[in-house]
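Every chain is named by a letter (A, B, C and D) in the order it is written, and numbering of its residues begins at 1.
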Amino acid sequence: MAFGLLKQKKGIIFGALDENSIAWHVAERAHAEGAQIVLTNAPVALRMGEIQDLAKRINAELIPADATSEEDLNALLEQSMEIFGGKIDFILHSIGMSLNVRKKRDYTDIKYEWMAKTFDISAISFHKLMQGAYKMDAMNEWGSILALSYIAAQRTFPDYSEMAESKSLLESFARSFGYHWAKKNNVRVNTISQSPTMTTAGSGVKGFQEFFNYSDKMSPLGNASAETCAAYCVSMFSDLTKMVTMQNLYHDGGFSNMGMSPDVLDM
Amino acid sequence: MAFGLLKQKKGIIFGALDENSIAWHVAERAHAEGAQIVLTNAPVALRMGEIQDLAKRINAELIPADATSEEDLNALLEQSMEIFGGKIDFILHSIGMSLNVRKKRDYTDIKYEWMAKTFDISAISFHKLMQGAYKMDAMNEWGSILALSYIAAQRTFPDYSEMAESKSLLESFARSFGYHWAKKNNVRVNTISQSPTMTTAGSGVKGFQEFFNYSDKMSPLGNASAETCAAYCVSMFSDLTKMVTMQNLYHDGGFSNMGMSPDVLDM
Amino acid sequence: MAFGLLKQKKGIIFGALDENSIAWHVAERAHAEGAQIVLTNAPVALRMGEIQDLAKRINAELIPADATSEEDLNALLEQSMEIFGGKIDFILHSIGMSLNVRKKRDYTDIKYEWMAKTFDISAISFHKLMQGAYKMDAMNEWGSILALSYIAAQRTFPDYSEMAESKSLLESFARSFGYHWAKKNNVRVNTISQSPTMTTAGSGVKGFQEFFNYSDKMSPLGNASAETCAAYCVSMFSDLTKMVTMQNLYHDGGFSNMGMSPDVLDM
Amino acid sequence: MAFGLLKQKKGIIFGALDENSIAWHVAERAHAEGAQIVLTNAPVALRMGEIQDLAKRINAELIPADATSEEDLNALLEQSMEIFGGKIDFILHSIGMSLNVRKKRDYTDIKYEWMAKTFDISAISFHKLMQGAYKMDAMNEWGSILALSYIAAQRTFPDYSEMAESKSLLESFARSFGYHWAKKNNVRVNTISQSPTMTTAGSGVKGFQEFFNYSDKMSPLGNASAETCAAYCVSMFSDLTKMVTMQNLYHDGGFSNMGMSPDVLDM
């Protein structure tokens, strides 16, 4: 069911890879709500092909961009504005990857070049994107910029390793740049802190299934799915939330405010 | 502009007094979004008459209830279900009043009978309402219960006095009961922590105008209005936010995450 | 081992019942650190006799007071100042009791007269105590007022029931009154949010042992004991912490910032 | 006045530059409390000479180390253990520097190589230090690792620029590594979030004096000085705080929990 919440709005969505991606669902739902979309991902991700089908289906342009490259990001913003025939109303940043996790280096045995790359991909890309858009005045008045985060930014999940710091950085960028965007032209910047989600990336992490189940038991409503997250993202892009900014918003079935669940004790 | 977000949904709205009330705007917007509404307020508030005009305009029933009386609350819930021909989808609790503030007792010279009454009206009423609805199984699956709060629950605003504690209580009730509602039938419970608002109640508090201006300067987007708050409440009642529960959500133009604003230093 | 941290300091300690009480350990440690102590508890608690032995051993006066009675609290403050030959340097509030829990009423079936009494004993007593001391100017410059809390003030532990709200209230009183005390004469007010502790009161709660074990596993350093809590309280009474005020300080082996512990998953 | 709180304890202190440095005061106070100290700073800082006088006065060794160099940090740890004749009991990390701020680049015009360097100096150095110490098993059981932070990690102070992100990173490292240290040998890791302090570094930042005054007015006890911060650091190194870990502790005269101060409105 759709409501026309994003009619006449135009947005860029980062990070759709396949139908397990949250960004994939956001793109579909945003389209259903009337938005015009530009999809983007790293060149290597685009070669997989699935996202091309999505692009066709939702009538979106697909622009490859390395999110760590200011040049690529600026080109993406410019091309998007050309396609849209005007400025941008919303952006979703849904990018994260840890080299040390992927290469199975423990948190107590970090390789710092990899950590730098992890931060660059997962968090600094968000600042680069906002700085590019800020400089070229690319956002419409009352636009909405959103990034996906995780509660590891506040609490320790040992297996999440340096992604904890990536998310702390990401949320800090949202707060800091949120001030400047508000002052510039009433654009808001927020992060959504989403339940663990069975994405292709997430499900590869060590012990993910056990952790997913734990989180599901701990959350009174259960883990939030990618579909419900897409609906929440749409609410954040819509005019229903114009005065919400610099916030980290938990979309997690209540996990973040549970101290202990009887269901976990019973496990 | 409306989207039909609350079509076929039925809700009870507490606390509409006059056109400055947030609850007033929520009622109007919820009606515009397709909801069927029951309005309620204390018998003395209903005598003022303005709310009767609102009720007519949005085709709502108006049921007087003393929010501190379990009996009144239970009768309200029962009558509402009769009117709706079924269970309830959403509830807004927008009630608050401090006897010690009203009677100009300092926070260091509290009269404790008045404090007890303040808590009863401003916070315990929320538990009584939820407990009544819980016992009579009055909420539809995936329903949404919402109360309006203020950041004094987290930080000290000396003039706010015992309302700080009232809001701390209120938010705690939302978290605690949120667990039970989720487990019962996936109902969510949240609070919105709203900017200071020029309501008839608020504007009577000592130094309110100065404080309102300070908050406006400190908030990068400025203070959030009652109208924008109504839109945000509607998003919380709608199916866009089904997995958000036990949260306190700042609707405040960014105030809550500002440490210092250059605009305030320039004042 | 003691350091003389509280030499020449005088303090009142509420809530010592028997050797399992945190307050008991605080009294012993404060005495060892050179403080002069007045012990107080409800008249009924004093009849148990154990606290009388403690009082003798640490050379403390023992003054019965009903913590819900302004009259009793004022008498206690006056008598203490007489005994001390001057004002008070520190106070520990370690009081909490839930009638609904004790009488096995569910959180969704609260009896509100009992809830009011619970709040009065567990939280409002803290305001009454501070208000009494404020009015009679009973605290020395740079004094320290402390109350014991629990993380249920922030997160939901279903079995903790209305004590969650009691602790939210308690912490809010600490923040609010902390402002006024700082302005008056640089007195600080804080709460310590302590691990679940095997006190005589705590261990009687439903499922406490299981919960204690869960918390112990979730906390990287394990649950904090009453003895270590006493040491921490002493640091808060000492001149090492003069500029810490209006804070809630977790003394919990790291529990509060853990999202998930592998040890819990392995349970 | 000293209490012998750190008798037989040995610690490394980073970041003492001159008598305005917090680390300088921590070194003096830790020495007065009976600790044996190794002082360290960047080679360029040591050339200034003042720290050499401090080292002599408190009978400390002075070891230059570039905090971004794993090699230097490891050499420092090894030499310190040789000097101490055993493992380390406490470490203070008091390092921070923003290249973009120093070179007057706006937050919306960041140069990313500089940001990377800023993070490396101000935050990643903390991880490198802990990782080095972890691998060589350099900390004694129940040791204490501490870093100095600022509330910009939670809230936006526009002039603080990328140091906000540096502090977010720093605090996240404390939480994440705190878990591993607790599990390894009960070492605790915390950050102290200190009032703005008139250090030689701090006072050079744009508009610092105005901001310092604002913070002082907003804090009910006023801004915390370097001397009082040193006393608080000592409490965190001492055995009074053994079960406090993974925390960010505000030492700020109450600033962090103030929403609005009448003193600021009166400014």
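Methods note: a contact is a pair of C-beta atoms (placed from the backbone, for glycine too) under 8 Å apart; a residue touches a chain by one contact, two chains touch by 3 or more.
The structure displayed is predicted, hence computed values, not measured ones.
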| item | value |
| --- | --- |
| Starting at chain A, fewest touch steps before arriving at chain C | 1 |
| Farthest chain (mean CA position) relative to chain A | C |
| Rounded Å distance between chain A and chain D, as computed from the means of their C-alpha atoms | 33 |
| Where chain A touches two or more other chains, by residue | 155-156, 158, 175, 178-179, 246, 254, 257-258, 261 |
| Graph class of chain-chain contacts, one of line, ring, star, complete, other | complete |
| Chain B to chain C touching residues, read off their complex | 70, 107-110, 112, 115-116, 119, 124, 127-128, 131, 134-135, 153, 155-156, 158, 161, 164-165, 168-169, 171-173, 175-180, 246 |
| Contacting residues of chain A [partner chain B, same complex] | 1, 3-5, 175, 178-179, 182-183, 186, 188, 195, 220-221, 224-225, 228-229, 231-232, 234-235, 238-247, 249-254, 256-258, 261 |
| Contacting residues of chain A [partner chain C, same complex] | 151-152, 154-160, 207, 210-211, 214-215, 254, 257-262, 264-265, 267 |
